[in-house]
Each structure stands twice: as structure tokens, then as C-alpha cells.
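Residue numbering begins at 1 within each chain, and the chains themselves are lettered A, B and C in the order written.
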Amino acid sequence: MRVPMKGIIYLVCMVVLVPAGFAQSQPLRLAVAANAQFVIKAIQLDFKKKTGIETEAIIGSSGNLSTQIKNGAPYDIFFSADMNFPDKLASEGFGVTAATEYASGSLIVCSTTNIDIRNWRLLLAAAGTKKIAIANPALAPYGKAAEEALRHYKLWDKINARLVFGESISQVNTYITTGAAMLGFTTEALIHEYPDKKNLRWAKVDETVYNKIRQGMIVLSHSKKGNYTSAMKFYDYILSPAAKQVFRQFGYK
Amino acid sequence: MIEIAIKKKIKTYNGFDLLDVKSNFASRGITQVLGNSGAGKTTLLKILAGLLLPEEGYIRVDNETWLDTKANICLSPQKRQTGFVFQDYALFPNMTAEEHLRYGSVDEEYINELFRIGRLEKFKRHKPRQLSGGQQQRLAILRSVSTKPRILLMDEPFSALDNDLKGAIISDLKQLIRRLEMTCLVVTHQPFREGEFADFSFRVD
Amino acid sequence: MDWEPIWLSLRLSLITTVILLVIGLPVAYWLSRKSSIPKLILEAIITMPLVLPPSVLGFYLLITFSPQNALGRWLQETLDVQLVFSFGGLIMASVIYSLPFMINPIKSALVQLPDSMAEASYTMGKSKKQTLIHILIPNIKSSILTAAVLTFAHTLGEFGVVLMIGGNIPGVTKVASIAIYDSVERMDYASANNYSLILFALTFVIVLTVFIVNRNSVKSPLE
């Protein structure tokens, strides 16, 4: 069978030469820690309604996003799940503003299996070989908070062998919702994203047993390459009462 | 005249044999090259063509030095342009018979004449896989003379030819060789009859 | 559904394949000639991406071209070029990563051609380059096609390297394989499924077409 060479060449040219939707001006890019991926959607919508500015969110773990930023990733604002990562970026000269707290996170335990979630501490101590998911404490501040809570309840050593580490809260959520882990430590914002999910059992972890999850944001040097004004508008918006209202709706403090 | 004096080690099943040839071959003559299997007849042809390098030796063709190991002279096969008929035919699977000859010459009249000599006029558009063994060998012969070479080297060129055509083709080829004043060495395991094709005989041991 | 990641993946694979065809043919040819120690070393290096975890390659590329380090900084300051988190960087990474998929099949095919074929061409006065173009390449067409298809499909499926050096930037480095991962992370399983099905169908059709076209000169990519 003779392959129609000309046809293939035309097809090849078309695919290669059609510009891959390259907007002349790039949208405002938000690097967002996984726990905030739910609330950020609402924030983006509200911001667009108020200012008409388009934003794009790239989700990841605070640690990974931080590393990418240091290596040249083209993000304009970074929303971390803690203050350390943004502080470090500021001190290393990657920020235009200082690290500013935008919300305080709420840690919960969550499960899609049929368990009495309020007695999660007893369950953990007893539950055989069932897996427990937390975010990697080195990369994700919610993971660090989970570790603090577990150590406080003297459960950390007991269940260490059964821990499954997610690279970010997103992965933890996947483990929880697919049932791969019997139980996991995640952000309360997850619940508010899916208020109808009847099989999501959850309980707040007593906020006195872990250090406050102060979440910080920082406008990055990259914004100076084009989106500086929009970035500062967004920055101001986040600190406004309207934005704070949205955060509260998602369980942040 | 071709002057050749070479020594080459040939790998055999149990060690090495030495191919040691020192001879002159007459210009414009057809010399049949005889010898036992494995004696090095094919190796000799390849050395002449520039496809193999002997450990030591020289080759002079009409006072032009093609090879001199002591003086580090070795002309490439492209420069020597010896016509070569390979034992395995070495045809080009991607080309038709016509294209094979056009690869060596732009002289359309000459190409047509070659097809007549080879009795392959009806197979010009055939590719090698569409030819029989005998036809393939004939094409290999035609290709080797398509460049009108000075020296023609043939390795068992008639082994697969159908008997009824063999005589006629050999005779026509001989006329062509004479007309173009080629010097020809032909390796054959079976000597030709007197006057059938070869003028001279040479033995490799 | 956002088609951008699909287009990005297709463009990346296509450009990578074309570049590798241009680079790969001469290198494969050179490697197919008489072997020597330098050639063997080069061949081993070329084969490395086959056995290395993609994250290793991605990691070293990230370090080498990061604007924090010497080379990356120089590229940015002098040429205003950044090879991390850019489509250009993905192309570079893909070319390295898919190199053995293009070179190995072609080199094998060239080695399998009888020496006498090229020799016949030389005795007719044709240079090595002419012989390569008119005799050798036309006779390994099916292997070249197989190599190109393997390269294309392999680049389509690339994930680890892209994630390391490209990040997940929509419209720039968010190729289909990354989009699937991203969708799963966002628990948008519908999107993940769509992208996966499309990628699967695309690759399957491409591979099947090549097999059908090649059926007369059957050459499995495993040879």
C-alpha cells in the first residue's frame, strides 16, 4: 500500500505551524498549594467578576512549587500552605512583596469507608493493617500538621508502618476518595468543595494539637515581566473582606 | 597492463592462510582466475577493486599507482571505478532494472544495447525480487559494465545462467568488452573452453 | 474539554520526531560502519535513556539549565533563552529521551544490509553520501518508519522528564500526559478519562497503521 506522502506532509505542516494557542499577553499565573485548589477556584471567579482579569492556577505541593520557582518557573504569585516556603523565597530574592498570611488552615481526618470517624484515634490505634494517608511532611505543611497531631496523641510510632505519603494534599485526597487509604489527613476545604458527598465522613482535628497552619502568599519577581499591576491587584484583593469571606466559606480561618 | 604484488592474510576455519599474488595481467585481455575453494580468488578481486586492503603490496594500472602500502597510497574504490560482478549479485532491491543501469550511465542508447545483450528488454521495469536467479545475475553483469569501466572484475558471473542463453550472452559480452577495450578478470571454478571467453589463465593457490 | 494539552503533545512529538530523523540518520549510519571503542561508548550513552528512570534525566536537565546555575543564567542573560519550564526545553528533553528509539532500529537495519550492496555502489563511482541516499536509506524505509513511529509514540507518553523540567504550565508545558495526572490530582476523573482515551486511541491508530503499511516487509519493533 503506497502511503500518501503528500497528504502526510500537509498534515505535519498544519500541526506544527498552527500556533499552540499562544496568547500574546500571558495570563496571571497563580502557583497554588494543593490544599487551596478548591477555594482558589471560587476566588478566581470572584476576582474576575470584580476586575475582569483572567487568572490561571497551577496546583502542586508547596515544596515542589517553591523549587520550581527557584529554578525559573514563570509564576506571578505563590500561595503556599505555610509561611516557611514563602519566607525563604523572599529572603533569597524571589519576591516582590514579603510573605503575607492570607488564611489559616483547618486540618481534618476524612474517610470514605464505613467507620465511626469521631473515634478516629481509637481506630488508628487498633486498625490492623489498614493504610493511613498523610501528605509528605517535608513538602506539605498539612502533612507536618498531621504529624504534629499524631505525635501529640502518641500515635505516630504506632502507625508509622501503615502511613502512605502523598506528594501533596491532592494525592492524599485521591487516596482517600478512592478508598486506597482507610483514612487520611487533609484540609477542611475539601469538604466544602463537595458538600453533597454523603459518603465522605470527616471530623475536625482539635486545633490545639497542631501548630497553626498559617498560609502565606508572596508576589514573585517574575510578575515584573508583564503582569505586575494585575498581580498587585490580586494581592490586594486577597486581603480584602470579600476574599476573606470566601476563605471562611471553605473552612479557613 | 595491471601489475600486482600483494600479500594478504585470509581467515580460514582453523587459522590463517596467506594469499600471495605477484603477477601482471595484460591490458585489454580477458583472464580467467582459477583456484581451489577458499584459495582467495574473491579476495584478490576485492583487493583490486579497492574494497579490501592487503597487509603489504602494490598495484599499478597502466603506470598509475592504485596501491602502494609502503608509500601509503591507496585509491578509493570510487576513484578506481572497476566494474564488479559480485557472487551474491548485490543488486539494489529498491531499483528497477532500468534504474540500475541509469545509476551507472546516462547514455540511453548504450543502456538499451545492454538490455539487448542481456536479453532483458522485457524486464526493464522489474525489481530484483521480480526476476529469476538467472535474470538477476544477468542484470548484475549489465550493471557492472554500465559505467564503461577500464577494468572489469567478475566473480562467478555465469553460474546461474540458463544453458540455452549462456553461449549467446557470453559471446555478446565478449564483443562488448573488446569494443570498449576493457581489461577483464573473471573468477570461475570451471575453466572456459578454449576460445570461449578467456584469453589467458591465472591460478591462485 | 480543553484540547490544548492534546495539541501540545502532538506538536511536541512531531517536532521531536522530525529533529531526531535529521540527527538520527547520520549518527545511525556512522555507528553502523566499522565499530571502534569510541563508537561503542557513544552507543552506550545513546542507549542510556532506555534504561534510566526518566526522573534522573529530568533532574539533571533541571539542574543544568536552571537559571540559578551557571549555564542557565548565561543562556538567559546572553540569549534571553530559558530551557526550563518552556516548550523549547521540552523539545530538548524529548530529543534526548527518545534518541535511542530513533537510532537503534535504524542502525540495526543498516548493519543488516549486505556489505556488497554498498560496495557495488562504490565501484560504480558513487560516494559514501550518494550511496547512503540512493541505496541504503531506500532499502531500510520500513525500519525508518518504525523508528519514527516509536519515537513519536514514546514522546507522546513522556511524563517524568516533562514534569521535572516543564512543570505544569497550561498552554506551554502542560502536555496530555501531565494533564491526566493533574486531572486525577484535582479529582476530575472525567477529564482524566477523556485525555487517556484520546491518547490511547491516537497511539493505537498510529501503531496499527504502521504495522498495516509494513505488512509486506514485516518488521516488528522488537527486532
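We take it that a residue touches a chain if its C-beta (ideal position, glycine included) is under 8 Å from a C-beta of that chain, and two chains touch if they have at least 3 such contacts.
Everything numeric in this text was worked out from a predicted model, so none of it was measured.
> Could you work out which chain's C-alpha centre is the most distant one from the centre of subunit B?
Centre of mass proxy via C-alpha means gives A as farthest from subunit B.
> Where the centre of all protein Cα atoms falls, which chain's Cα centre is nearest to that point?
C
> Whole-Å distance, subunit A centre to subunit B centre, using C-alpha means?
Once rounded, the distance between the two centres reads 77 Å.
> Taking each chain's centre as the mean position of its Cα atoms, how many Å separate subunit A from subunit C?
33
> Quick one: report the Å distance separating subunit B from subunit C, using the average Cα coordinate of each chain.
43
> In the complex, go through subunit A and note every residue touching subunit C.
By the definition above, subunit A touches subunit C via 1, 3, 12, 15-16, 18, 20-23, 29, 34, 37, 56, 58-60, 68, 70-74, 168, 170-171, 173-174, 177.
> Can you name the residues of subunit C that touch subunit B in the complex?
Where subunit C meets subunit B, its residues are 114, 116-117, 119-127, 134-135, 138-139, 141.
> Report the residues of subunit B in contact with subunit C in the complex, numbered from low to high.
Checking each residue of subunit B against subunit C gives 46, 49-51, 76-78, 80-84, 86, 88, 90-94, 103-104, 143-144, 146-147.
> Can you list the subunit C residues touching subunit A in their complex?
It comes out as residues 4, 7-8, 10-11, 14-15, 18, 62, 66-68, 72, 76, 82, 84-85, 87, 167-172, 182, 184-187, 212-213.
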